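One structure, as structure tokens, below. Some questions next.
Each chain gets a letter, A, B and C, in the order it is written, and its residues are counted from 1.
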Amino acid sequence: MSYLNVSSVCVDFLTENGSVKAVNDISFEMNKGETFGIIGESGSGKSVITQAILRLLPSNAVVSGKIFFESEDLLSIDNKKMRQIRGREISLIPQNPAGSLNPLLKNKLQVAEVFEVMGVNKKEGIKSVLGMLKNLLMKEPAHILENYPHELSGGMKQRLLAAMCLSYKPSLLVADEPTKGLDSFSKKGTLDLFRHMKREHGNSMLVITHDLDFALEICDRVAVMYAGQIVEIGAVTNVLKNPSHPYTKALLNALPRNGLIPLNGHTPSRINLPEGCLFYTRCNLRSDKCGSERPVTKSNKGVIVRCHLY
Amino acid sequence: MYRYIFKRMIFTAITLFAVFALTFFLMNVIPGGTSEMILKHTFIGLEESATQEQMVQVSARYNLNDPLYIQFIDWLKRGIFEGDLGMSFVYHKPVLDLLLLRLPATIILALSSMFIAVVGGVSLGIYAALKENKTADHLLRFLTLFGVSMPGFWVALVLILIFSVYLKMVPVAGYGSIENLVLPAFALSIHSLASIMRITRTSMLETLGQDYIKFATAKGLPVNRIISRHALKNAMLPVVTVLGFQMGAMLGGSVIIETVFAWPGIGSLLVNSIFARDLYVVQACIIVIVFLFLIVNFIVDLVYIYLDPRIRYG
Amino acid sequence: MIGLEITCLQNKSSVFSLKKDGIAGKILNRKDITISILLLALLFVVAISYPLLDFSDPNTIDLTNKNLAPSAENPLGTDYLGRDILNRLAAGTTTSLSIAAGVSAISLFVGIFIGCISGYYGGIIDETFSRIIDIFLSFPGIVFALTIMGFLGSGVINLILALSIVHWAKYARLMRGQVLSIKENEYVLSAKIIGAGNFHIMRKHLIPNSVATVIVLATIDIGHVILSIAALNFLGIGLPSDIPEWGAMLSAGKEFMRTSPYQTIFPGMAITMVVIIFSIIGEGLRDILDPNDTGGEYL
């Protein structure tokens, strides 16, 4: 039995310009204890999936499909149950550490409140957070808690958020773009942080990132997303060292160490989706079939690919 | 933070001083101004027959021949150190006495109105935000539009028509008991209530869209906890900013409401004095009103600093 | 050099294009704004045509018909001097709209001018003007206008002047803010590099790009101006009594509230309606031009 089973999930946003298909029939499975990565450009729909899992989408979002978490469909349980899962079973480290902390409240309060709600002794909870912060190599963690968010640097905020999420001892940890906007030194710090989390806590992790090197280091398996669809899933070394899908190949070519070869063209409009393969206009291996028929997922040498080539 | 408070205090003091000066000079410079009035009132009925000599005597007694800035300094000194703000031509009493007599009425009215406006406006604003785009929200927004657009004196008259004349629930005008306070306070509060409701709603909606609210939900906090602890305080910041301005609008509106309800406050005193050309009283009323306005704004600033730790420790 | 100049000129805001996805299209999408604009157009027609067409004089006194309830002949009833209320309301439209237009024009002109200069030159000019603006803004509007009118006396010019003195500071402050945020933009800097004069820059770059926000404020503000006009006339100051005006009508009518409330109800409704129309248009414009703006009228 798989641990997290996302099955044919679609997410549409209703806007005044039309219905935007952010996530287009996504399916993947995660095993317990593994680190699963979702890779793609900005706007490919990766963050939307994390929000869909935790039911954090705004009111103009329409979600269909099923998301099974330990055999319960998260999309159909009632609000009360969902609330109990959030924070405790599934924890989300958000994309924007600065914006995710309430500027008017002390850090200590924001850390402690989940313990309150869970019914755990606040003092115990705070102690475990402090311990975790020390582990994450933060100096003077007690002082940090007495301060306000704006007094912390970006890296400190990130560690605080990571410590908070971990201390609630979730079964599944979701990390949304942990290295976004960081310079290479901070990136290394984040990498160490995640390695540490993996080693010490062994949670199952779902990592969303556009940083391919980070994914290579941390993930066991990855899925590559393009324009709301998954185009390739497999073990990280298979996918990122021996890519099957043309898009994955192009992503790797665009890395500085591979020559910074850019990918021409734009992602297709999500309001008026084209008929054939969504990558058609930018693919240099395309054929006529690609323009008219949408490819389905197929197995190829241990990897699942969505491409007419296979 | 203290530097900021100090700067605000200085600014308030300077503005106040400038207002004093502006009022004084305007009163004296325009035709029908202080000097003419003093002369006129000293010689009531005798203007034509007043001799040059008598005019000179009176001028000397009131220092009317000194350059204006000296008169100003003199006036300031008398006002601040001796509490002598002049005599009312109409009531033949010291202006200070008149002010002290009428000030409580205005303060009671303004405070009650503000209370209604804030309590009503904030709660309705939060309610409308939580019910965004549902019927209740649309209805409230529609009512707000009316609230902000109706002339205060008209609201007052219609309220009198309904509650005093037809329903006979409260007396039409007068001063002395709670019954007398109800209509004026309510009439005065409508405009501010509508404004506050609007900005509370907008601010609340904006706050609810922030990432930290999303994260608080992701942490598994219950909805009412999220609203009471996270959303409320943050949403109130812009509202507090606006309160200062609303108070000013209210002080302005009280002038009209007091007149309609014959409420014996500073506002109605001002109106009557303007018509009667009772200049010292006019001067004093304006200064009191502006002073109240500046003080309220200063207090609002302090409250804002207290609420936002980014200014305190930033 | 010429290339730079062309780039500068192209930075003029294209907001006012009448394309379908430009302003015109967005306005038509919102029914409330469209209806309001149509109503406003109707008001303008009434205001402008009333003095020109030959309606019965709104000031004719006819004591035999005083205080009548609405009927076929007098759709809104008659007032205490037998004058038809609807007729007087229409006449009042001309009064209110023309005075409000005058006030807006003068305050906008002065406000934009001072705000622009203050924001652009900065330094001591800015400090001085800012203080002056703050001082003007620390008088509650009605109080200020009342006092000025009290000493100038009634009259159309006096009223326009007094209200302009009260309202210009708001626009100056907003304009100054806009200029401060725009003046560091690249097209301004490039204009300076090619040696454009200060006034040229202000005229061609600063004003066109900030005027939209100010106009939105002005539109919403016309409502406040009309309320002020009515308030002053209600108190008895403002216009001589032979000019029909809604506030004055209310003031006169209140004596007869018990028996004939129409004189009180209808003028107030007229004022409210006009203010609502301007508010809807003004706020609609603001939503269209900058959906992120939460509201400058609370300054």
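FYI, a residue touches a chain if its C-beta (ideal position, glycine included) is under 8 Å from a C-beta of that chain, and two chains touch if they have at least 3 such contacts.
Model, not experiment: these values are computed from the prediction.
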Subject >> Given chain A and chain C, the chains that contact each of them >> reply: B
Original post:
Hey, which chain ends up farthest from chain C, C-alpha centres compared?
Top reply: A
Original post:
What is the distance, in whole Å, between the centres of chain A and chain B, each centre taken as the mean of its C-alpha atoms?
Top reply: 54
Original post:
So, what's the distance in Å between the C-alpha centres of chain C and chain B?
Top reply: 23
Original post:
How about chain C: which of its residues touch chain B in the complex?
Top reply: 131, 134-135, 138-143, 146-147, 150-152, 223, 227, 230-231, 234-237, 247, 250, 254, 257-258, 261, 264-265, 267-268, 271-272, 275-276, 279-280, 294-295, 298-299
Subject >> Complex contacts: residues of chain B adjacent to chain C >> reply: 11, 14-15, 18-19, 22, 26, 30-33, 145-146, 148-154, 157-158, 160-161, 165, 195, 198-199, 202-203, 206, 238, 241-242, 245, 248-249, 251-253, 255-256, 259, 270-271, 274-275, 282, 286, 289-290, 293-294, 297
**OP:** Provide the residue numbers of chain B that touch chain A in the complex, in ascending order.
**Re:** 210-212, 214-222, 225, 229-230, 233-234, 237, 307-310, 313-314
Original post:
What residues on chain A touch chain B, complex-wise?
Top reply: 51, 54, 56, 83-88, 91-92, 94, 96, 99-105, 113-114, 117-118, 147-148, 150-151, 161, 164, 168
